[in-house]
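Pasting a structure below so you can have a look.
Which chain is which? They are A, B, C, D, E and F, in the order written, and residues in each are numbered from 1.
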Amino acid sequence: MPFVNIKITREGATPEQKARLIQGVTDLLTDILGKNPQTTVVVIDEVDTDNWGIGGETVTVRRKRENSRTK
Amino acid sequence: MPFVNIKITREGATPEQKARLIQGVTDLLTDILGKNPQTTVVVIDEVDTDNWGIGGETVTVRRKRENSRTK
Amino acid sequence: MPFVNIKITREGATPEQKARLIQGVTDLLTDILGKNPQTTVVVIDEVDTDNWGIGGETVTVRRKRENSRTK
Amino acid sequence: MPFVNIKITREGATPEQKARLIQGVTDLLTDILGKNPQTTVVVIDEVDTDNWGIGGETVTVRRKRENSRTK
Amino acid sequence: MPFVNIKITREGATPEQKARLIQGVTDLLTDILGKNPQTTVVVIDEVDTDNWGIGGETVTVRRKRENSRTK
Amino acid sequence: MPFVNIKITREGATPEQKARLIQGVTDLLTDILGKNPQTTVVVIDEVDTDNWGIGGETVTVRRKRENSRTK
């Protein structure tokens, strides 16, 4: 019956990775809290980097700076 | 003033169905709790089936199994 | 499988009212979208009036002003 | 460490406006509550007007009525 | 940088269980998606059984029926 | 019409601080995006430190370590 919402930036997570994440989180809730997996819901939100801020700036800006540093 | 968030899988809900849902939920809050409909907000999130898990698997996988059983 | 989150101010909703709201929203999702009620989850958050803002002020302040007007 | 989720209708907010909003909210949390901006996360959800209801109707319907009044 | 919100009914999860859940979910995001654990936030909401509905009824009602069946 | 949800740890924010936060966020949405403050809702969730994780550990554990370092 638990409900889990995972928010990540949209930066190329594959269907396989998302399926593993869903399976893993559901297993944790069963193993640690004895929750019924059949009614455990996990929803993943992938958010554009323009719409995700950390440290007062968007991830878009942060990624550009990181990339320019690498070059 | 209430805020309602409805999360469903993105599987073809029409604008008309979503409008009925918004009207219905707003009416319930007015009828049962006496809330002011003018400031009642309802937001519907439609989530890709790859990003929605139940029973430890994605809805994409579940729908494929259901469809193969039907054939 | 839908997930619904209803946020209201904590101002005395009774268990009976909340039960009616849960039943009503679940019925709407079944009737309008054909969703399975057995896996439809509705979570109600009751929020202190100090923590709910509308029009740039808390509901605590708004209620005080409304009450003083009534007298 | 705070987490802020801002939901607005998808009606043309620019990357610059969203960046200003993220910066502004992060500054408020630092200035008012002394929160560390480096771990303050702000996520903006832009929601289709078909999926946003207020006053029991969708914003799509509301905008049409407003536009027809203007003409 | 991911943000995870876990909603469960308030039915006696211990601080130790919640700490294990937080550690487990953070590890999954690091292992599967390569996310930085230092900025991964996990928030657990424990919800009163009067405020959690499934199958159109509150968990309070469901638990009472389950208990009466057991006797 | 925007909806903003601010999640912070429950560590003593005063009603005055929360009122300033609500006013500030509402002003930002008016100033930057032209949103109507009268229908802008801001909800603050204060979360117990046992229920908030960052870096794979609860804030309760983190605060204890920080305090022991200070002594």
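In this text, a residue touches a chain if its C-beta (ideal position, glycine included) is under 8 Å from a C-beta of that chain, and two chains touch if they have at least 3 such contacts.
If you're wondering where the values come from, they're calculated on a predicted model, not measured in any experiment.
Chains that touch both subunit A and subunit B are the following: C, D.
Steps from subunit E to subunit F, taking the shortest chain of touch contacts, total 1. Averaged Cα coordinates give subunit A a centre that lies 16 Å from the centre of subunit E. For the pair subunit D and subunit E, the distance between mean C-alpha positions equals 28 Å.
Taking the mean of the C-alpha atoms as each chain's centre, subunit B and subunit E sit 21 Å apart. Each of residues 1, 3, 7, 25, 39, 41, 43, 45, 52, 54 in subunit A touches at least two other chains.
Contacting chain pairs (ordered by label): A-B, A-C, A-D, A-E, B-C, B-D, B-F, C-E, C-F, D-E, D-F, E-F.
For subunit F in complex with subunit E, the residues that touch the partner chain are 7, 45, 47, 50-58, 60-61.
Here subunit D touches subunit E in the complex through residues 1, 3, 39, 41, 43, going by the rule given at the top. Residue ranges of subunit E in contact with subunit A, taken from their complex: 1-9, 13, 17, 20-21, 24-25, 28-29, 32-33, 35, 39, 52, 54, 59.
By the touch criterion given at the top, residues 15, 18-19, 22-23, 25-27, 37-46 of subunit E touch subunit F in their complex.
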